[in-house]
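Got some structures for you, see below.
Shared chain: chain A. Partners: chain B in the first complex, chain C in the second.
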Partner chain A sequence: MVFDIGLTLLVVAVAVWTIAARDTFAAVIGFVAFGLLLALAWVRLAAPDVALTEAALGSGVTGVVLLGASTRLRHAEISAADKKPGAMLRAAAAVLCTVVSAGLAAIVLVLPHPAPTLAPQAAANMAATGLGNPVTAVLMAYRAIDTLLETVVLLLALLGLWSLTPDPFWGGLPGRRHHDDPDGVLTFAAQLLVPVGILVGIHIFWVGSVAPGGEFQGATILAAMWILAAMAGLVDAPPVSRRWLRLILVAGPAVFFTIGLAGFAMAGGFLAYPESHAKLLIVMIEVPVTLSIAATLALLVAGPPDRMPQQ
Partner chain B sequence: MSLALDLLTILAVSAGVFFFLAGTVGLLRLPDALTRLHALTKADNLGLGLVVLGLLFQEERLFAALKLITVWLLTLLAGATVTRLIARNARPTGPRG
Partner chain C sequence: MSDATVYGLCSGILVGLGLFGLIVHPEPLRKILAFNLIGGGVFLLFGVVARRGAAAGFGGDPVPQALVITGLVVAFAATALAVALLRRLFQETGRTTLRSDG
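The block that comes next holds the complex of A and B.
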C-alpha cells in the first residue's frame, strides 16, 4: 500500500515535471522515466502484458523517436524561443486540458463497482483458441480485427514519415550512417548483445501464447537490436526502395488480412478460425506480423530517407 | 533452513539497497558528470548484484535463478557501455580528445 501510494505520487510528479521542463531534451528524458514508472504501475495492477508493451513501445521506442525529434528541432526551437503563444491561447489550452482531465477522472469515478467485465467469458473460451494467455487470446482471436488495424496504422505512420523525404533522396537510405571505433566499447556491446537480444525477442514473441509477451513486445526488442547494430556502425539501413524491404513491411498485415478473409470459407466469418486449427493459424499470422512490426519500428526510428546509396 | 535463507536474503538485499542509496547520494552530491557516473555505476553494478544474490536464496527453480543472473549480467553490459558513451562525450576535451 505504501509502495503503491509512493509509486502513484512519483508517476504524477514525473508527469508534471515532464510538462514543466523548459528544455525539450530534458522533457523527453522525463517522458522515458514516466513510461518506466508507468510500466511498474501496470505490474502492480497485475497486467504484465501491458507493462511489457509500455516499457518497450511507450517508453523505449517512443523515447528514441522523441530524442531524434528533439535533436532535429533544436534549430527551429532556438529561432522560435522569443515567440511565446498569447495569453488567450495559453488560457484556452489550460482550460481544455483541465476539462479533458476532469472528464477522465469523472468517468473513472462513476464506473459501477464491480466494473463490467468480459474476463470470465474470455477465460472460459480460451481452450477454443489453443492459447494459454488470455491477453493473446483477446488480441489474436476475440478482437483480432483491432490488432489487424494496429498493424495497418503502424504502416501508415511509416508512410507519413516517408512522405517527409526531400525529393532528391526519395527511395534512398534513412538516417545517418553511423561510424564507431571498431575496437570501441559500443561495437563490443553491439556484437555481444545483439545475438542475445534477438534470442530474447523471439522468446518474448513465442511465449506470448502462454505467458506475458507477444508479437509487439518481441518485435520491439528485435527492432532495438537492429538499431543498436546500426548505431555501432555494424550494419547500414537498406534503401527504402528495396522490394524485399517493402515485402517484409506489408507481409504481416497482408497475411493477417488473407487469413481473415479465408475465415469466411473456413469458419463463417471475417477473422474466424476453425477450432481445430486456431493455434496454427494464429502462429501463421504472428510470425510475419512480428517481422513487419520490427521492420516498421526500426525504420520509424531511422527517420525519413536523407541520402542516396554511394556508387 | 528457510530461516537462514531468509536472513541471507534480508542481508544481501539490504546491502544492495544501501549501495543504491549511496549511488543516488553520489549522483545528487558529486560535482561533475564523470564523478557522478563513477558513483552511479559502482552502485548499480554492486547494488543490483547484491539484490539478485538475495533473491537467488528464495528461488527454487534453477531456470528462474539463471534468468535472474542473466538480468544482472545484461544490466552490467548495458550499464558499462552507456557509462562509457556518456563519459566519452562529457570529457572536457570532447569525444576525440
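The block that comes next holds the complex of A and C.
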C-alpha cells in the first residue's frame, strides 16, 4: 500500500512535469519516464502483459518518435509558444479539469461491489483454445476480431503517413541515412544488442501463449532492434515501394482474415477455430502478424519517405 | 481503500492534467504529449477495473487488459501519424501553429 501510494505520487509528479516543463524536449523526457513508471503500476495491477507493452511501446518507441520530432521542430515550437492563452482561459481550464478529475475519482470510489468480471468465463474456455495466457486467449480467440481490425488500423496509419510524402520522394526511402563512427559506442552497442534483442523479441512472442508476452510485445522489441541498427548506420531502410516489403506488411492481416473466413467452413463462424486445431491455427496467425506489426511499427517510426535511392 | 482504488484516483488526476495541457499549450507537440497523458489515465482506469475483477485464479479480468494492449498500439499509431502531419506542416509552411489567422 505504501509502495502504491508512493508510486502514484511519483507518476503524478512526472505527469505534472510533462505538462509544466518550459521546454518541449524536457517534457518529452518526462513523458518517457512517465511511461516507465506506468509500466511499474501495471505490474502492481497484476497486468504484466500490459506492463511489457507500456514499457516497450508506450514509453520506448513513442519516446523515440516524440524525441525526434521535438528536436526537429524546436524552433517552430518556440515560435508557437508566444500565443499562450490568457490568465482567464487558463483559470477556466484549470477549473474544468479539476471537475473532470474529481468526477472520475468519484466514479472510482463508487464502483460496484462485487466488481463485474469476465475472468471466470475466460478461465472456463481456455482449455478449448490450447493457450495458457488468458490475455492472449482474449486477443487471439475470444476477441480475435478486435485484434484483426487493429492490425488493419496499423496499416491504415502507415498509409496515412506515407501519403504525406513530398512528390519527389514518392516510393523512396524513409528517414535519414545514419552514418555512425564504425568504432563508436553506438555502433558497438548496436552490434552487441541487436542479436540479443532479436532473440528476446522472438522469445517474448513465443512464450505469450503461456506466460506474459505475445505478438505485440515481441513485435515492438523486434521493431526497436531495427531502429537501433538503423540509428547506428548498420542497416538502411528499404524503399517503401519494394514489393517484398509490402508483402510483409499485409501478410499478417491477410493470413488472419483468410483463417477467419476458413472458420465458416471449419467451425461454423468467422474467426471460429475447431477445438482440435485451435492452438495450431492461432500460431499460424501469430507468426505473420508479429512480422507485419514489427515492420509496420518500424516504418511508422521511420516516417514518410524523404529521399530517393542513390544511383 | 484498496490498492486498486489508489491507482483509480491517480488515473482521474492524469486525465485532468492531460486535458489541462491540451487546452492551455499552444504548441502542437505539447498537445500531442498531453493527449497521450489523457490516454495513459484512461488506460490506467481500465487496469483498475480489470484488477477489481480478479477471479478464477487470475490477478485481473483479462478482457479489459487485452483491450488496453490494443489501445496502446492504436495510441502509438495515432501519435506517429499526428507527428508526421506536424512535420509535413512545418516543411510546407515553416510553422507548426494551428491558428488559421497566423
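In the analysis below, the second predicted complex is superposed on the first by the 287 of 311 C-alpha atoms of A that agree within 3 Å, B and C clash if a C-alpha of one lies under 4 Å from a C-alpha of the other, contacts with A are read in each partner's own complex, and residues count from 1 in each chain.
Throughout what follows, a residue touches a chain if its C-beta (ideal position, glycine included) is under 8 Å from a C-beta of that chain, and two chains touch if they have at least 3 such contacts.
Quick caveat, the model's predicted, so the values are computed rather than measured.
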item	value
Touched partner set for A:186, first chain B, second chain C, both or neither	first
Which superposed partner A:161 touches (first chain B, second chain C, both, neither)	second
Which superposed partner A:252 touches (first chain B, second chain C, both, neither)	neither
Touching partner for A:174 - first (chain B), second (chain C), both, neither	neither
Residues of chain B defined as touching chain A within the complex	74, 77-78, 80-81, 84-85
Of all residues in chain A, those that touch chain C in their complex	1, 4-5, 8, 11-12, 15-16, 18-19, 24, 27-28, 31, 34-35, 38, 41-42, 44-47, 49-50, 53-54, 57-58, 61-62, 65-66, 69-70, 72-73, 76-77, 79-85, 89-90, 93-94, 96-98, 100-105, 107-109, 111, 115-120, 122-124, 134-135, 137-139, 142-143, 146-147, 150, 153-154, 157-158, 160-161, 164, 166, 214, 216, 293, 297, 300-301, 303-304
Interfacial residue positions of chain C with respect to chain A in the complex	3-21, 23-30, 32-34, 36-37, 40-41, 43-45, 47-63, 65-70, 72-81, 83-88, 90-91, 94-97, 99
Chain A - residues contacting chain B, complex	185-186, 188-189, 192-193, 196
